[in-house]
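Just passing along the structure, written as C-alpha cells.
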Amino acid sequence: MTDPDPLGGELVTANRILAARGVVDGWGHVSVRKPGSPDRFLLARPLAPAVVTRDDLLELDVDTGESITGETTYLERHIHSGIYRARPDVAAVVHSHAPDLIPFTVTDTQLLPLLHASAFLGEGAPGFEVDGVPTGKLIDTPQVGDELAASLGAAPLVLMRWHGVSVVGASLRQAVYRAVYARENARIQLQSLALGPVTYQPTDEARDVAATVDKVTDRVWDLWVHELGDI
Amino acid sequence: MTDPDPLGGELVTANRILAARGVVDGWGHVSVRKPGSPDRFLLARPLAPAVVTRDDLLELDVDTGESITGETTYLERHIHSGIYRARPDVAAVVHSHAPDLIPFTVTDTQLLPLLHASAFLGEGAPGFEVDGVPTGKLIDTPQVGDELAASLGAAPLVLMRWHGVSVVGASLRQAVYRAVYARENARIQLQSLALGPVTYQPTDEARDVAATVDKVTDRVWDLWVHELGDI
Amino acid sequence: MTDPDPLGGELVTANRILAARGVVDGWGHVSVRKPGSPDRFLLARPLAPAVVTRDDLLELDVDTGESITGETTYLERHIHSGIYRARPDVAAVVHSHAPDLIPFTVTDTQLLPLLHASAFLGEGAPGFEVDGVPTGKLIDTPQVGDELAASLGAAPLVLMRWHGVSVVGASLRQAVYRAVYARENARIQLQSLALGPVTYQPTDEARDVAATVDKVTDRVWDLWVHELGDI
Amino acid sequence: MTDPDPLGGELVTANRILAARGVVDGWGHVSVRKPGSPDRFLLARPLAPAVVTRDDLLELDVDTGESITGETTYLERHIHSGIYRARPDVAAVVHSHAPDLIPFTVTDTQLLPLLHASAFLGEGAPGFEVDGVPTGKLIDTPQVGDELAASLGAAPLVLMRWHGVSVVGASLRQAVYRAVYARENARIQLQSLALGPVTYQPTDEARDVAATVDKVTDRVWDLWVHELGDI
C-alpha cells in the first residue's frame, strides 16, 4: 500500500532519529518544506521530538510562521519560517541544543571541518549576531527569524549563543545528516585542540569532499532508520 | 480511576527519572513538601532512587527531620528539612552526587549559566560554607541542615565540596528539571573553558530566559516519563 | 531453598556487576577468599567476567596460585594469591584495566580523593614498583605477585603502569564498590584538574567519611544487583 | 550442521562487532582475504556494517579492487586491495572513522602505546602521506590504494588525516581487536596528555607484551560475540 503522506512519515522519522542520536532532547524541532508548495512547511505541535507522531504534524505558513489551522506549535517556529523565506534552496531545518556545539557559541573558537563526513562545514558556520554583536535572543517573532536568517547567509548552519544551532539542508535527510555530523565535528575539534595546533580541512578540499559524501549519505540514513526499529 | 495519592506517584516518578538520567546512582534522594501541610514532606526509605516504590515513601517532619512513624530514612535527610525550614517557597529538594558538578566544588571555578535551558543558574550557585570556609560535612543533624540552608540562601542550588549538590524548586518538576540541567551546564562549562575565555549569560538576561523556559518544562518532564515506560 | 553455595553465587554476581558497570571488559577478573579457609580462594576459568557462571569457578591455593584441580585459570592469577598471602585482612581482589585510571599510571599525577563515595582513596593509591621503579610487568609468577603485594602495602588498591589496577576489600562487596568508585574518582579528578588547582580531601577527613560510607554501601550493591535483572 | 561458509559468517560477525562497539557507524568497512586464494577477498556491498548479512558479501579481486561479478561495493574498496597487494602477511583489513583517532591525524601528536591491550601500537602508527605530505585523499583508485599501503609499510595501522584509520591483522579477529583497542588507546592518551608529561611503553617491552596478549584475544572476541546475542 502506498503511503498517502510520505513527507509526514519521513518527518516523524527525522524527529525520532534526532532524538535517538542525542541531537535533540526535550528541546529542539525539525521541519520540512512542502514540495510544490514553497510557502508551506510541516512542523510538529510543541512536543519533544521523541514522542512526535503523524497526528502531531501541523502545516505552517512561511510568511507568518503560524499554523494554517491556528493550532499552537513551538515558540521558536520563526527559526523555520525566517530561514525558508530567505533561502529558497532550503527544504528542511533542524533546530537543536546539541551540547557539544554550545562551547563554539560562547568562546572565540570557530567550528571548522576536521573530518570528511562533516566537510560541509567548509561552507562556514557563522554565529547569530544582530548589528555585529552575538546574541542569545529567542527566535519568537518573524523579525527575529529574519535576523537569524541574515546571520545564516548561505551557510549550512548558524550557531546561536547560549542556545544551540539551526541547520539547513536541500533535503530533510541532508539537514538531519548535517545536524548529527556538525556535533560529531565539534566533539573531535574539542579533543584535537587539547593536543595542540590543529590543521583544518582547506575550504576547496572540503567542498570537493562534501560533494562526494552527499552522494552516499542515504547509507547513513538507512542505518539510522534500521536502529529505530519499527516505529 | 483517580489516583488516591498523586503526590506519592509523582515522587516515585521523580526518583526514577533522576536515576534514569544518571543524576543519582546508588546515592542521592529527592523529597517533596506536602501541599497544605508545609511542616511535612515525603522522602523514601534509605534506598537507591531507581528502586523506590510508593510503599517506600515516608512522611517526615520539617522541624525535626524525622519520620512521623519513627522509621529510618536517609542519613542526610536533614538536607531536606533544613531547606524546608528556611525556604517557605521551596516545594521540593533533590540531593545528588552528580559527577560533572563535583569539579566546581573543589576548584575556584564558579558554575555559571551557559545555555538557556539552565538560565536559572543566573540566580547563583553558592558553595556550602561554614564561617566562610568550604566544608565537606555530612548533613546528619538539624543544625548542619540549617547551615546548609544558610549557604543556599535564595539560590536554586547549593554546591557541596567533595559531595555533590542540593537543588530546590517551587515544584517537584522544577527541582528535577534543575538537577538535570545544572549538570548539563557543568558539562558544557567544562568543555568551553578548555577552549579559552568564556562569555557567560548576563544575570538579567538569564532571569528573563529562565522565566520563559519555566513555562515549557512540562514538555521535558513528559519526555522523561515517556522514556521510563510503564512504571 | 537455601543456596548451597552463596559465596559462588555472589562471586558470579560480582563478575556481572563489574562487567555491567564497564570496570572490566574482555580483560579483568575478581576473586574471593573462602571464609574459614584462608589458604583458598575462588577465581573463574579464563573467561571475560560478563560470561562467567558458577560452573566456571575454580578453587585456588593461596600459596601457589594454582587451582586445586590443576585446571587453567587467568595468566595473572598471581595478583590474587600474592595479595592474599601478604594481606590477611583482604577477603576479595578485583583486577581491572579500567581506562580512566590508566592516566594515573603513566603520569606523575597522584590519584587522590575528591568525593565522599571514594574517600577510601585517602588510605593511598600507590603505584606498582620494583626497586623504586614503576613497572608494567605482567603478574605471571608467584614472585611478581609478591612484588605487587609489596607495592600495595596497606592500601586499598595498587595502580599498575600501562596495565590497570588491583583493588582489595575486607569483603567481596567492598572490593567491587572500591573498583567502581576508584574509577569514578579518576574521572572527576581528570575533569577537576582541567579547571585549575584542586583541593583534595584531607586524609583524616577522608578516613572518617570512608567509615561512614562503608556502613551504607549495601544500598549501592543492591542497586547494581537490581540493574542486572535476573541472572 | 557444518557452516558451509564459515569465513562469510565470521565476516558478518566482524561487521556487527565493529558497529556494536562504535568503531564504525554509517561509514567504515571490513574485509577478509580468502584462505588459499590470496588474490581474492570478501567485502560487503556498500552498506553500513551494522546491517550487513551474508547475502551482501562480494568476492573482490586483489589486483583490480573490483568485484568478480561486477557488483558495486564501497567507493574506498581500494584501501583493502592496495594493502593486500603490498602485504602478503595481512589476512584482514578494517577501515573506520573512529572519532577518538581523528585528533591524531590533524595534530602533531603521535599515537603511542599506553596500555598492554594496545601494545601492538609499539610497531608504529604512521600517517598517510604522499611525497612526505599528509593527505586527506579518498582511496578511490588502485593507485591511491598503493600510496596508502606505502604509508602503512609494516605497521599494524595507518592514520588518515580528516578521515580515520585503516587497521590490518594476520587474522580477521586480530584486525577487529586492533581496531577496537587502537581507539581505546587514543582515548587514554587524550586523557593522559591533559595531566602532563606521559611515559609511553618502550618499543621492546610493547612487542613482548603484544605477543602475550595476542595469545588470549579470543577471550575478547568471544565476549563481543556474546554481547551481540543471536545474529
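Just so it is clear, A, B, C and D label the chains in written order, and each chain counts residues from 1 on its own.
By our rule, a residue touches a chain if its C-beta (ideal position, glycine included) is under 8 Å from a C-beta of that chain, and two chains touch if they have at least 3 such contacts.
Being a predicted model, the structure only gives us computed values, none of them experimental.
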For chain A and chain C, chains touching each: B, D
Path length in steps (a step moves to a chain that is touched) from chain A to chain D: 1
For chain B placed onto chain C, the superposition rotation in degrees, Cα atoms, nearest 5: 90
Same vs different contact residues, chain C with chain D, by half of numbers used: different
Inter-chain centre distance, chain A versus chain B - centres from mean C-alpha coordinates, in Å: 33
Between chain B and chain D, centroid-to-centroid distance (C-alpha), Å: 46
Two or more partner chains touched - positions in chain D: 194
Parts of chain B lying in touch with chain C, wherever the complex brings them together: 25-27, 46-48, 50-51, 75, 97, 99-100, 102-104, 106-109, 134, 136, 138, 161-164, 190, 193-194
Complex contacts: residues of chain D adjacent to chain C: 113-117, 119, 184, 187-188, 191-192, 194-201, 205, 209, 212, 216-217, 219-220, 222-224, 226-227
